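I have placed the structure first, in the form of structure tokens, so that the comments after it can refer back to it.
Chain naming follows the written order as A, B, C, D, E, F and G, and within any one chain the residues start at number 1.
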Amino acid sequence: MNNSRPIDVLEKARGKKVIVRLKNGSDITGALQAFDLHLNIWLEGAEESRNGTSTKLGSVLVRGDTIILISPE
Amino acid sequence: MNNSRPIDVLEKARGKKVIVRLKNGSDITGALQAFDLHLNIWLEGAEESRNGTSTKLGSVLVRGDTIILISPE
Amino acid sequence: MNNSRPIDVLEKARGKKVIVRLKNGSDITGALQAFDLHLNIWLEGAEESRNGTSTKLGSVLVRGDTIILISPE
Amino acid sequence: MNNSRPIDVLEKARGKKVIVRLKNGSDITGALQAFDLHLNIWLEGAEESRNGTSTKLGSVLVRGDTIILISPE
Amino acid sequence: MNNSRPIDVLEKARGKKVIVRLKNGSDITGALQAFDLHLNIWLEGAEESRNGTSTKLGSVLVRGDTIILISPE
Amino acid sequence: MNNSRPIDVLEKARGKKVIVRLKNGSDITGALQAFDLHLNIWLEGAEESRNGTSTKLGSVLVRGDTIILISPE
Amino acid sequence: MNNSRPIDVLEKARGKKVIVRLKNGSDITGALQAFDLHLNIWLEGAEESRNGTSTKLGSVLVRGDTIILISPE
């Protein structure tokens, strides 16, 4: 366990649905296609929810520095 | 799929219309001409919408660190 | 003691429960699975509490630059 | 088109009038004299407008990290 | 004196009580166990006070970029 | 003109009066003594004005990352 | 004069009283013991004033990225 890295939790989530919480207060869900060390992520079938309102985004690139946390479902 | 990068979603969107959501709450749409690893982007035929108001921008360079997400239409 | 590093307090907390305070005002608790030098962390069995409301997150990757402090229980 | 860079839109605008939108909500217009990779820019004949009020600035160096976007007229 | 560094004030405070003022407005006190060049710090017997309320934290790692100042008692 | 850099506008202003607009909303005027690539600047005979109130500062070092723009008079 | 650096104004102020203005709106005064290129500074006999209230701090390390300006008295 001592050699595992935080980003390994994302390796296991490739192709699966994740929830992404942003600094601006919205949540984005989608299937995780790719990510890098800055936590830039590419989601497919993405949907944004904020203050109880949902918006479909489809393919989306989310900039890593706007992300608080990423949680696989 | 394991070798894909987040930015690949933009490679496929070159010359096509994208929606860019900014940290200040506005959305910019336009045809994606170029981008770099900082997510600085160059759009043509760009239009900004904020609080229900639209402004034509034409050619525009958007600084990457002001961007939350980029979504191809 | 002169050679100890701040991150050593996390080495001793691997696999144990920690409290993570975020810049947005919420607290996240969970078992510390992994961390890196940016303080990106991976928690298991995570739960977020904010303004008296609790949300289960399960596995979660928290971005280091959103963290104020990490305290082992 | 694949080799163009975002900053190329500025190369074409040298000596011409551009609009610069700042993070603090003001717009600055002026003739683009020089720029660098951080998007620091030097404008001549610059004028700032904010909340409907205009101020003449003349020569001005604008720090790149305060800029949201730059659009050639 | 010309060769002293700001961080030397912390070298002399190792093992002693310090007050740490955070950007979010709270103060944390505790015995300084370790620190690094980013001003990440590890405190023991830490206690947080904010708006007149105190919370015991025990061992804590405080991220350097959330710190305004550190003052040995 | 193609080889000029944004900072060249400051080279020409050495020893002369400049106006510096800060991110916190205040303006500082003074004679430009020195500057570096981060736009840290040293002013002499500096004066700060904010919300219509003026304060004499004399010699002052202004940190580059707090600056929006610098304009020679 | 062309070779002087902004930080030279601090070299001349070593051991003397300086005023430090912080991004959070408070001012700290004290005798400048040491500083580095990030503008981290070590003050002795420091005192913080905010909204008309003064607090004695004694020895203090102020993190450079919280500083707006430093002015020797």
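Just so it is clear, contacts are C-beta pairs under 8 Å (C-beta built on N, C-alpha and C of every residue); 3 or more make two chains touch, one makes a residue touch a chain.
This structure is a prediction, so every number in the text was calculated from the model and none was measured.
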Length of the shortest touching-chain route, subunit B through to subunit F: 2
Subunit C-subunit D separation of Cα centroids, rounded to whole Å: 41
Centre distance in Å when subunit F and subunit G are each reduced to the mean of their C-alpha atoms: 18
Residue list for subunit A, restricted to those that touch at least two other chains: 65
Cyclic chain order when read starting with subunit C and heading to subunit E: C, E, G, F, D, B, A
Subunit A partner contacts - residues on subunit B that touch it in the complex: 1-2, 4-10, 23, 39, 64-65, 67-72
Subunit A-touching residues of subunit C, taken from the complex the two chains share: 14-15, 22, 24, 28, 33-36, 40-42, 46, 57-63, 65-66
